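Below, each structure is written out as structure tokens.
Each of the next two complexes has subunit A plus one other chain: subunit B in the first, subunit C in the second.
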Partner chain A sequence: MPSWPSETKYISHDVLRIDAPEKVSGRARYASDIQANGWLYGMILRSKWPAATITKINLEPALKIPGIKAAITVQDGERTIRFYGEELAAVAGATKQACLDALRAIQVEARPKPSFVVNEDIAKAQDAPRVWEDSPNTTTPQVHEHGDVDKAFGECAAVSEGFYTTPVQLHNAMETHGSTVSWTDDGVTAWASTQGIASVRDGLAGALRLDHSRVRAITEYMGGGFGAKFGAGVEGVLAARLSQAAKAPVRLMLTRFDEALAVGNRPSSFQRIKIGAKADGTLHAFQMDNYGTPGIGAGAATAGGGGAEIPAPYIYRVPNVRVKQVGVAVNAGSARAFRAPGRPPASFGIESALDDLATKMGMDPLELRLKNDPSEIRRREYKLGAEKFGWKQKYKKPGGSPGIVKTGVGCGGSEWGGGGSRYTQAEAQINPDGSVELRLGVQDIGTGTRTVIAVVAAEMLGLKPEQITVKVGDTQYPPGPGSGGSTTCASVSPTVYDVCNNALAELQKRTGVADARGDNWFAACKKLGVTPLVVQGKWQDGLSSSGTGGVQFAEVEVDTETGLVTVKKITAVHDCGLIVDKLTAESQINGGIIMGMGYALYEERVMDNLSGVVLNPNFETYKLPNIADVPDIDVILLNMPERGVIGIGEPATIPAAAAIGNAVANALGVRVGSLPITPAKVLAALGKVPKPVASAT
Partner chain B sequence: MKKPEPEVFGAHSRRTFLKSLGTVAVTAAASRAQSVAAELEKVNGEQTVGPGPVPVTLNVNGKPLKLQLEPRVTLLDALRNYSSLTGAKEGCDRAACGACTVLLDNLPIYACQKLAIEAQGHEITTVEGLAKNGRLTKVQEAFVAKDATMCGYCTPGFVMSLTALLQKNPQPSADEVRHACAGNLCRCGTQPRVLEAALQAAGVAAARTTHTEVMDYA
Partner chain C sequence: MKAFEYATARSLDSAPQLATDNGHYFAGGNDLLGRMKDYITDAKILVNIKSLPGLDQIESGRDHWTLGALVTIAQIENHPGIKKVFPGLHEAAAEVGSQQIRNVATLGGNLAQHSRCWYYRHRDIVCLKKGGDTCYARHGDNRYHSLFTGNTCISPVVSNLGTALAALDATAIVRRSGKEARLSMSELYHRAWENPLAHNSLDPGDLILKVEIPTARGRSAYLQVSDKHAFDWALVSCAVAAQVSGGRLRRPRVALGCISPVPYQVEAANDFLDGKTLDEATVSKAADLVLANAQPLEFNGYKVPLAHALIRRALLKLKG
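Moving on to the complex of A and B:
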């Protein structure tokens, strides 16, 4: 079984991101920066109706606009539209201005449906307008039950009931979805803003009926994805078809407005939780009724509301459990994977319920977790984190903070799978001048994949990371996984380990140098003569694992006159096995916490029941955390090198909202059970303003 | 292409607006009449251009950039789509995200909110114009050293905002850095390290924002 070296020069140390100089200087070319020879601008016309039958689309007026080279419909003939913003047609032209004029010129004839539904509570009703004609808006309830829940609640010393809700969250990566696609007689090349180059290639090949070998996807740099950027997408296929029609490359990037409508979101959740414990605090019974919406469904296979279920009671093991969940279809864009799918809402629900139970029992909520958390690693993390955070000094009984601006503390835990893809492959080219090129068909979505590859290669070859040229983001390189599920680091690290070992063995064979590493490197490579050495490698078992977690503590200030919540401090303790690059691992955790803070306090897609439109498809009204909102962050990385490499991107974002929500409840002495925790909800919880009218009424 | 009627546009033009405003303003606010009259004189001297492409010369990174642009083309559009200067990014195209930040006469502006024709006669600096002979500036170096980039799409905007700040205020406080970056959004979560990078670039003792330690589990 292979193993990582115990003494390391680069692995587990701070190594600077190798592509940072490209990014800070503007040299990095993102998908949206591609200027292929003779490129055209592409744009999409979207439905202004949330539900309609499209009867006719007249593209002729658009084609008459000077500069317009192609105009196409998504689909010929009559078709049904199920959400505001669904794609209808697309144009390609010499300038953005020409495309804007052309979109206005397209004539669409439609029969708008008299009724539609964008609200979960309304959609659940028996007589609600159907999103899909042939199926009800709610899925068949997914029920999970073990033990005897009704009897068990009778055996509890304390029972707490609560209603915890989370909103539809938008990914809103800084670079929008899209690509530049060139379709010529030689095949299709797509420069895509994607988390999965292979999924773009396969998706385009399938949609365009081409062999995979005729499609190439390239992603040198891309501006964030968070789960929403897999596959070719409607926009990618439209770009390809426009390219074919216009006989020129087409760059089709979505607008920020488009991003809120049709390219994914995190489903909402409405969790009615009842939880009970024995007198010593041991959890004994758990019951949850949950519903949420993934829009029209999380993909064609789940038409009718599938894809909104969450794990419950998530990280806890309770002997008597009854969980019932339904997904609710509404006339809105489909959900997609979003950084730790299902977990942030699950974490918010269960951790809130746990704190409310602790309050009822007069127990310190940290004690309740130490009592019930089944993970030995996480219990250790709670203890380390509590000490670092100063839990003992900071914790007061709920509502115990004096004054107008109250402080509070809270915590929560996370669990994630991860693990590497065993099909990952790599190629290394060692040149006679000693330069090294590594080629992997993965992509760096900003997590530091390029740097991780360089770190492992430098360690294995006895070189410096900057001596390694890393080539990723091209389907012509050996295959690798999409960047999802926090699996990339655990996929590439063992693979690079293997290809470097193979390179060293091959180098010895070719040159006779017994150990070519470090100081011997250049002399050994010189002996290659004029032919570079090219070797292959593949993922090896034993160098990575899955199953990771972490805990986070939050300290907040809540102004009881304005309702404003300010996060003062987050202490995060996470384990990710063998840390590959400490610097980029910390950045991942910072990022996870900040995204979780947005989920806790600011972010929510808002839809209008009467018109069916998204009301906040922009950054002025869909609020992201800003630099001034970001608190002090303390991170403890629990090093467990014996476990091998484990990804950290997703577990880091899971418990932040739960910890912040609990801190707010601790400060106020009353629970705000609904994310995002806006000033209006805080004031309503305090009885200072009327409670918001339930959306269903 | 159906071109907009000039009369329709004229009816809502700044010129007409100022003319009507002028008569009211002169009587209502004598102290401001002077400036209104001066402004009137200026706009009366302006030529109406467009809607077709017109020659535009931009001074970008010390070099003239000669383009044919419709007057409605923004500075960001001109840079990204009519030249190869794609360093300024488009994140929202409506003055909310700051990814398109460039310097106009050393002041940070959203390039998506300035028409290219209005940017003529000004010195425009984009992120590509900062490094001289391939040498990164202090701000850029600090971004590398502090790992203040993740996906990097927002990075040029932050770099430009902070470059402008340090030109004006070489030793900013942490709050002044936060204020300077208030118009820049990042989704990956680089903000703590942007702050640290800015303070490092300024040579100011780093305010502690994040702190990491590694503990062995065993």
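Moving on to the complex of A and C:
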């Protein structure tokens, strides 16, 4: 069994990103930077109706606009539209303005449906308009039950009931979805903003009926992806078809407006939770009824809106459990995987319920967690975090903080799987001049994968990370994993370990140098003569594992007169096995916390019942944290080399909203059970909001 | 956006002439270009007014200061004299948008900006304010909307500076039909109170030249609360100004933003405060008077206690 070196120079240390100079100087090329020869802009026409039958699309007027080279429909013939923003047609042209004009020139004939539904509660009703004609809006309830819940609640010393809700959250990666696609006689090349270059290649090949070998996907740099950037996407296929029609490369990047409509989101949740404990605080019974919407359905056209289920009671083991969940279809864009799918809402629900139970029992909520958390590692993290955070000094009974601006503290835990993909492969080229090139068909979605590869290679070869040239983001390289599920780091690290080991062994065998590492490297490579060494490697068992935990503590100030919540401090303790690059790992946690904070306080897709549109398809009213909102963040990483490498991207964001929500409840002495916790909701929870006037006409 | 012509006005006479045929004045462009890109505003011609002479000055005076319409928000924010003489105006300027926006946004543009109502700003919704027949917000999501209005549209005025200048009893000097018209802040916005199609009382061709601010009220303050801590529109804003002598308020004025189509002022509240000393009971009573006729809707009722708190806090800031 291979094992990681026990003494390390780079692994587990702070290593700067090897591509930082490219990024800060603007030399890094993202999908929207590609200047393919003769490229055209591509744009998509979207439905203005939330539900309609499209009977005819006339592209002729668009084709007459000067500069327009191609116009295509998404689908020929009559078709049904089920949400505002669904793709209808696309154009390619020499200028942005020509494309904008062309979109407005296309004539769409449609029979709008008289009724539609965008609100979960309305959609659940028996007589609600159907999103899918042949099936009800709600799925058959998923029921999960063990023990005897009804009896168990009778055995509890304390029972708490609450209603906890989370909104539909939009991914809003800094770089929008899209690609530049060139379709020539030689095949298709797509420079895509994707979390999976292989999925783009396979998706395009499938949609265009081409051999995989004739499609190449490239992602040199990427401006973020949180689960919604896999596959070719409607926009990717349209870009390819436009390229074929226009006989020119087409750059089709979505706008921020588009991002809010049709490229994924995190489903909402409406969790009615009842939880009970024995007198000593041991959890004894848990019951949850949950519904939420994944829009028209998760994945491609899932009738009846599946995909909104969440794990419950998540990280806790309760002997008597009954969980009932339904997905509710509404006329809105589909859900897609979103950073730790299901977990942030699950965490908010259960951790809120736990704190409310602790309040009822007069218990310190941290004690309740230490009593019930089944993970030894997480209990250790709670103790360490509490010490660093100053929980004992800061914790007061709910509402116990004096004055108008009250302080409060809260905490919560996370659990995630992760693990590496055993099919990951790599190629190393050792040149006679001592330079090293590593090639992996993986993509760096902004998390620092390039740097991680360089760190492992440098450690194995006794070189410096900046001496390693890392080539990723091209389907012509050996196959790598998609970057989802926090698996990338655990996929590439063992693979790089292997390919470097193989390269070193081969180099030493070829040159007769006993140990070619470090100081001997260049002399050894020189002995290769004129032929570089090219060596393969693949993922090896024993160097990575799965299963991570983490806990976060939040301290907030809440102004009880204005309702404004200010997060003052977050202390996060996480484990991810062997830390490869401490700096990029901490970066993941910082980002996860800030994203979780947006979920807690600001973010929410708002739909309009009357028109069916998304009301906030922009950063003006879809509110994201600014640097002015971001608190002091203290990240503590447990390094566990014996466990091997585990990913950290997703677990980092899970408990932030729960911890902040609990801190707000602790400050106020009342629960704001609905995310985002806006001033409006804080004031409502405090009973300060007057009733609406009777007549609203 | 749609194609448009572009011209630069060199004189106050030529500006309105150039803009005669569906022209729009163009200075910072933050609001106008956004509306054009979203196909909310059509313009046949943009008339660049940034070269008009004399409109980018801040002039101090004993009785009043004059701020040209082309003065940027950043200039107002960073002017040491304004910070001293009109602290409320300084505070209001500092809360506008982001630093980048403040660097190019102008006083005139801030006053004349259109509603931020998310129905009005939506490219595919034709609401009452755009000439449609329904105020979607009334029956829809009105969390950011008005507590007071004189018509059916409930989109509020969001100009920070308009609110601060209302409390300071400033006068906008507007070039209208070749003459200079003097409009109080109430008059500058009054049409929006009555007419759902209006954002302010300006007619096509009217050009805000400058704003005169009397120095009579030596103390002023501005507070706003947004969902976020920076770069976010106010949920409610409150500006107050008064002369304070012997601990008593003289000629006090309270104005609220984001809760009405106009900077909302209640004379009864101003009258009540006149001659009073500042204490919790007094400011609370004043807040009650300002908010007496609030008409909260389904999602904006929180603005009542929020406004109440801001009125009290802003007034207490006048104690110095």
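Quick note on the criterion: the second predicted complex is superposed on the first by the 687 of 697 C-alpha atoms of A that agree within 3 Å, B and C clash if a C-alpha of one lies under 4 Å from a C-alpha of the other, contacts with A are read in each partner's own complex, and residues count from 1 in each chain.
Please note the rule applied: contacts are C-beta pairs under 8 Å (C-beta built on N, C-alpha and C of every residue); 3 or more make two chains touch, one makes a residue touch a chain.
Note that this is a predicted model, so its numbers are computed, not measured.
Chemist: Thinking of the overlay built on chain A, is A:V613 touched by subunit B (first), by subunit C (second), by both, or by neither?
Modeler: second
Chemist: In the overlay, answer first, second, both or neither for which of subunit B and subunit C A:A628 touches.
Modeler: The answer is both, since A:A628 touches subunit B and subunit C.
Chemist: With both complexes overlaid on chain A, does A:T562 touch subunit B (first), subunit C (second), both or neither?
Modeler: second
Chemist: One more residue to check, A:K688. First (subunit B), second (subunit C), both or neither?
Modeler: After superposing on A, A:K688 lies in contact with subunit C but is clear of subunit B.
Chemist: A:T678 contacts which: subunit B (first), subunit C (second), both, neither?
Modeler: second
Chemist: Have a look at where A:S213 lands relative to subunit B and subunit C in the superposition and call it first, second, both or neither.
Modeler: After superposition on chain A, A:S213 lies in contact with neither partner.
Chemist: Does the superposition put A:S587 against subunit B (first), subunit C (second), both, or neither?
Modeler: In the superposed model, A:S587 contacts subunit B only, not subunit C.
Chemist: By residue count, which of the two partners contacts subunit A more extensively, subunit B or subunit C?
Modeler: B
Chemist: For A:T140, select first, second, both or neither according to whether it touches subunit B, subunit C, the two together, or no partner.
Modeler: A:T140 sits against neither subunit B nor subunit C.
Chemist: Touching subunit B and also subunit C: which subunit A residues?
Modeler: 97, 620, 625-628.
Chemist: Okay, in this complex, where on subunit C does subunit A touch?
Modeler: Per the stated touch rule, the residues are 1, 3, 116, 118-119, 122-125, 134, 136, 138-141, 143-144, 225, 227-233, 235, 294-302, 304-306, 308-310, 313.
Chemist: Over in the complex, which subunit B residues touch subunit A? Could you list them?
Modeler: Within the complex, subunit B touches subunit A at residues 1, 70, 72-73, 77, 80-81, 84-94, 96-97, 99, 126-128, 130-131, 136, 140, 143-145, 147, 149-156, 159, 177-179, 181-182, 184-195, 208-218.
Chemist: Enumerate the contact residues on subunit A facing subunit C in the complex.
Modeler: 48, 84, 97, 100, 257, 561-564, 566, 601-602, 606, 608-611, 613, 615-616, 620-621, 623, 625-629, 678-681, 683-684, 688-693, 696-697
Chemist: Sort out for me which residues of subunit A touch subunit B in the complex.
Modeler: 12, 16-17, 19-30, 32-33, 35, 41, 64-66, 95-97, 101, 172-176, 221-224, 226, 253, 255-256, 377, 380, 384, 445-448, 575, 579, 582-584, 586-587, 590-595, 618-620, 624-628, 630, 632-640, 642
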